[in-house]
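Consider the two complexes below, in which chain A is the common component and chain B and chain C are the respective partners.
Right, the complex of A and B next:
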């Protein structure tokens, strides 16, 4: 089914080929009939091994034939076949799989049969299997079956992990474009060199070493993508904690937003709400109804009135008890905010390396200003080193990327949205306002981090580039009263969530269906403007 | 951007050895009728070489053809009664599992295909459903993973088959869903993607299986969405087609697996839909009908389904809406009242 190029042939040639195929088909059908007949009669013998072997040699994917072979081998073993005899049969089986893998190196069945034989027979020769992997990886360094098989062999014969790590270094020195080797390396890096003390995924000096290795790979050929994915992973390999973003206690509802999705057990054991120093009892429900969520609703029976002392305690991941006081808003609503900081935290040697590499990137960019990968990497470096300081440059670069890598313009749009919102959030969280309005020039295309605004009562998302696929995430605006989506690109309201709004503004979404709007309005108990 | 760099980009584009060039004479519009005729005719010649040699995956073949036909609104061109009685003969009385074709052995891949076909026909009465549930549940291992059959091959594809199959039967209670999710998550990689087992390299087809499993089990929260979706959108090549892994050629089936995953993650806008549509259209064969893996190759029902389903996700109005998780008509999923999680 794959890679069969259609070639134009003469009628004569076609007829000859068809005749050939019909011959083959006849032999195949006859063999299959014989095989299934013998199996039905319980004749699981060496003759059947031969018959199935012949068919499999040209069609290694007929899974049932491999099953039959295993049945025969099991029976022969039980039937007191001598150890030497069995050993020969297993060797023959391995030869057959090797033959089949030459025809189709991606045959799941043949690979699995090999695994079965080696785990079934006595005294398997794992060293031989490992060298077989080496050989196969020379033919095709990206065959994931071979890599999987290698991992299986390694799990059995357990060579030192460092040997396998060095193997990936060798493979990468042959060809930096070997994504499979980068992948395997990532697995071993965190096993071999975790940062036990600092709680980071990778120990500092190795983190730095890997970054250097990526740099030499990537600069050999910036258009070869493999190393860039590994680099993005290295840059993201920092410690991040689950934090309380914001909580809201109003006469109607109590909500708590987290930086990452958590489950009920987590919330119930880590969060305590106090009103006038009394612990409030209640039950936690996720906003979406799912097991894990970033926003949790606390159902309790305590009256929320004027001039209360509201406080939340959170047992954070560093083992401290974080106390977050609630600040009173108008209308007996209390809001408490956690500390937010989206800046990634690297160790000193790593950040020095990043600054160094940023420099090289800029030099490269000066020579070839429209190279996508160099520009993207420069931008990511800037964001990692100091997102706030370089914000303007980062956004400009993303706009350039939209034109030179137009295939992924939507991705860069969403990055502009996300990073601009992170920049704005730092400022918004310094004030006690319960309004949310976009304060930068670029129009947003998605709604990341929306749980951070779950306390807001007035949400103004007008004049943006939002389409209908963002609607479901508005569910996080649990305390919103006035919501404006005026002048966006909405096309349907199908996924609009259930919210306790007072007013919803939908004007200027010209592709919204009038009929749908009327029906929607009828079903709402708040005013809908369109 | 200077004129020069546009030129450079274009040169790079045409010189990229890991991509295809779509020649101007490739089809640009949907050849709906040709595909319907192609699938209707497929398998009617019992002596056809190709058809016979693919007997070991017959059940999946029926699923590919029927789903494509349903999406094109032409399922009446398929021999419904023959298909249903064929499926009945493929169920193994003892294990309850279903094979690709009698007398082959039961396997979870073909059990799923059979269940998909029977739910589209709304004819689950044709088999022993309890037997299927028992078969699927028996394949779950202590680590949460699933074997494909009694012989112990372990793969995230089989987890997806199990979860999808049981959800179509409304019998997810028969397995340990939390454990199944735990296993899938143990297959997550540095790039946010998934492979076939713990430690395996990310691959678009297996990412689809794992994202689909998490969607049905309502655990999409566990994904590293931004990293994963970025990796997925980077699968798009200058030709508009998508590959399944970095530095590989584009392929129509991968195009489906990537965009259906992106659809579930609500990130379809991260790829260029117009260029992708051009690629899919170019994979049609105007002579024989059907779609192939790449423009100019021989067509088959497998790629025909993924071509049709891909165009459906891109919003082609001549094709019925497809559900990105089940790769079945949305109307079937609605009838079964299934609501896989979508971000």
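Right, the complex of A and C next:
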């Protein structure tokens, strides 16, 4: 009949495709055989370049072949190929990678090969690379390979950072669901707009602008987590100093706890211990044995006796010398406490913006009280603005979050633990007590900030929700004598640290293995109650 | 030449409007023997696009032919610029006196009527400008039938509305909502929440959620949901394209249609055909021709009769240019259709008011050349909304420096009174100095006209005669596609509607397949050829 077109049936089509595939496979196998044979014979020449190039153009991810090509190029360069010749070879290499990246824009080895060529050859054309990045990011704005490569190119050719910053703005306006772009933006932000005067990471007006931008994204699509991550980063971009939390000088041991992990050089150069106005010499060892630690042990030979004048000097980050006197406790132990303040310190304009955003959140919350993201953000804002004043509301919110977002109940429990402890610490640090007991109703699930209690001799962690995962961190209780972990959820004592205790209470941990307990008890030189 | 034309066909299609062309393509595609005629010398009928010359000819023809004024009437063409350009004259006089000045500041071109005539081929002005929803039935049909390869599209770049006496971009996509500064942060959440909930409803949930809203308006629903007046404006007028009286469920459905088409091609849900909507009927005609359909333009028909032959079979005979053509099925555009074939007379319906403007700039400045849909909300409660489409040179609609703007609304009085008020809001209609800096673009030329609304489905007197509707006032082609499919199903029951046409590389060229090479030749022929002759 007229006008009828004959089309291959699916069966014919399949047979044809299969035949093609077999044909390709044959060619591929042959080529690979040839390549490995040549390499074995040491024939690293242009012919091998050609052979590997052919295979790579259809299989860009065979990194062995890229390695062989680098070998060849290095040999050719050593073998006195002319500048011009080498330049052509490098150009060809770039062309090959570009071709391969068109087939697979996420080919690790092709991007790597490109990076290698550009760092190896003379006079690389970085501008061209930057426009290549632009092109690939136009095709796929979320390809982290390209973002990664872009950072490499930018580190080499150093274009104006403002251009890069604006580039992230463009990309985010197209699609803000882009971790790479937000991340790159954060890097640009602290480079471009640091707060020189106030010493904060980001200058006020930009900090404010970013907060607004990210709020807009978060409210447009709360289920997209990329914006929340950036918001958390922005909220965390505050100046935090390394502070001395507490030090303890006892006849047995001298320890110093810091707010953040520090290394030995830092401790040795910033901390001076005086006993009766004599500088004590000794050696610093980290509590955990790691290079950086929040708790440092000072090994010295000075006897710690009654009626001493104990004093610590700390060259703090503001350039001041902070003098912390030691207060005598029972049994010739001297404890000195630094000032603690967990409140994040924002500039006034940023605080105003946060208050503003808190207000929007509250409005929304009135409309949709069960929206997890709105409630969580409200809570985070409250904590950032004034953790102490809003403490009760914050904890209430976290309890609500546990029910409306039950999949993340553990996360909220940890937040309750952390923020309640911060609240309690402020009170505890006002007294000279060397006892530590949880004074709020919620059961703790983790042991954050434990170094702040490193001076305590009686630590009561009974009736909490602690699991065996937290045992290792008990190492920070270097001066503890009586420790109670009664009525928790411990299942094993495998990671229980080596402590100089007098008494350990493990009663009420019903999942603990009796046999393990017996062995544990045998190895301890203190009394274990269970 | 007439003598070459065979006389017996399975299907004869008269008129090359959108519906007729789709039916012709569908019949030809499954092997029906199709003849496609049009009384005029171009494709598309009332769906056509004209270059500036063609448009002038069209205006002249209509104005001089009372019969054609049954379809198109109240044509009012007006120039706002000089016949000859003073600039050109100056150039001739002044010679090369001021070349530096000209270089220093590429002043806005001063257009004259003569310029328009000189560049007439660069215009493609639509009689029935329409958009395609990116996930609407026409786009899906173009893809599934592989007819998309004959067409090119551009994405509509923005949706505007008229709010607080000025043009405002409508945040319709996620990226827009994120970027806009026109709505507050709480509003952003509200808007996104409303839009996502509408997208999420399936048929059942929709009926459930809205069971108590049957007799209420969409506006009431939006207000009930706590949306601010600004947001109600965006959702009701710009996204749903509605009026204050729009029933709730209809509003929800329109919104859903809009939203479902987001994110497929561009930042808005719409596509615009390159070189105008008039291209689309031609794409279907081409497929029809590729599969052997015979084309004759400039071929009016004189008389149509139905005859019952042996075995109770009915045939249609058509007299055309002293030749009698026979077919089993006649598909005929309503405007070509003899009155006696229509039964009963279509009910009175509201006609359409339309206008075309050519301006020297976009209605709202933009970095890149914009392609705009503006839905102008009704100015009063019983007023109609006006659809405004602005297309620029990148769409192949006009020369560089100009924009073509279409207005479409339901007729109240006549096109000029219905639309002039809005034109004055967004254009400078005063003529005068084209180089003057102003907020609004200058209108250089305008055409107002009314079209009889022939979009209602029409029954015919005989089962073998199928009458195709004319263009409606709607934004998209959806009704045309739907109707074409219905007609096809009647002619060819049980057959697939426009199955995918093979690509050239899928076609087997063997010596024993005689028609292969001919297909190849026809396919490569890019020109909008008249008729493939067998």
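The rule we apply is simple: the second predicted complex is superposed on the first by the 443 of 530 C-alpha atoms of A that agree within 3 Å, B and C clash if a C-alpha of one lies under 4 Å from a C-alpha of the other, contacts with A are read in each partner's own complex, and residues count from 1 in each chain.
Everything that follows uses one rule, which is that contacts are C-beta pairs under 8 Å (C-beta built on N, C-alpha and C of every residue); 3 or more make two chains touch, one makes a residue touch a chain.
From a predicted model like this one, the values you see are computed outputs, not experimental measurements.
Trainee: Can you tell me whether chain B or chain C touches more residues on chain A?
Mentor: Between chain B and chain C, the winner on chain A residue contacts is B.
Trainee: Based on the superposed arrangement, let me know which partner A:217 touches: chain B (first), chain C (second), both, or neither?
Mentor: second
Trainee: Applying the touch criterion given at the start, work out whether A:8 contacts chain B, chain C, both or neither, answering first, second, both or neither.
Mentor: A:8 sits against chain C, while chain B stays out of touch.
Trainee: After lining up the shared chain so the two structures overlap, which partner does A:274 touch, if you call chain B first and chain C second: first, second, both or neither?
Mentor: The answer is neither, since A:274 touches no partner chain.
Trainee: Is A:266 touching anything from chain B or chain C once the two structures are fitted on A? First, second, both or neither.
Mentor: A:266: touches no partner chain.
Trainee: Is A:64 touching anything from chain B or chain C once the two structures are fitted on A? First, second, both or neither.
Mentor: first
Trainee: Mind working out whether A:530 is in touch with chain B, chain C, both or neither, as first, second, both or neither?
Mentor: Once the two structures are laid over each other on A, A:530 reaches no partner at all.
Trainee: Between chain B (first) and chain C (second), which does A:233 come into contact with in this model arrangement: first, second, both, or neither?
Mentor: So A:233 only meets chain B here.
Trainee: After the superposition on A, what does A:364 contact: first (chain B), second (chain C), both or neither?
Mentor: second
Trainee: Pick one for A:174: touches chain B only (first), chain C only (second), both, or neither.
Mentor: The second partner, chain C, only.
Trainee: In the superposed arrangement, what residues of chain A touch both chain B and chain C?
Mentor: In chain A, residues 1-6 are touched by chain B and also by chain C.
Trainee: Hey, which residues of chain A end up touching chain C in the complex?
Mentor: Per the touch definition, chain A meets chain C at residues 1-8, 172-176, 215-217, 219-222, 357, 360, 363-364, 367-368, 374.
Trainee: For a test of understanding, state which residues of chain B touch chain A in their complex under the given definition.
Mentor: 1-2, 5, 8-9, 12, 47, 49, 52-53, 56-57, 99, 103-105, 107, 149, 151-153, 155, 189-191, 195-197, 199-203, 218-219, 221-222, 227, 229-231, 233-234, 236, 238, 240, 245-248, 251, 266-267, 269-272, 275, 285, 292-294, 296-298, 300, 302-303, 341-343
Trainee: Can you list the residues on chain A that touch chain B in the complex?
Mentor: Per the touch definition, chain A meets chain B at residues 1-6, 18, 21-22, 24-25, 28-29, 36, 39-40, 59, 61-64, 66-67, 70, 108, 112, 116, 142, 144, 147-148, 151, 177, 179-180, 183-184, 186-187, 223-226, 229-230, 232-233, 236, 261, 290-293, 369-370, 400, 403-404, 406-411, 413-414, 445, 467, 469, 472.
Trainee: Touching chain A in the complex: which residues of chain C?
Mentor: Those residues of chain C that touch chain A are 28, 31, 33, 174-175, 177-179, 184-186, 188-190, 192-193, 226, 291-293, 502, 506-508, 510, 513, 515-516, 519, 534.
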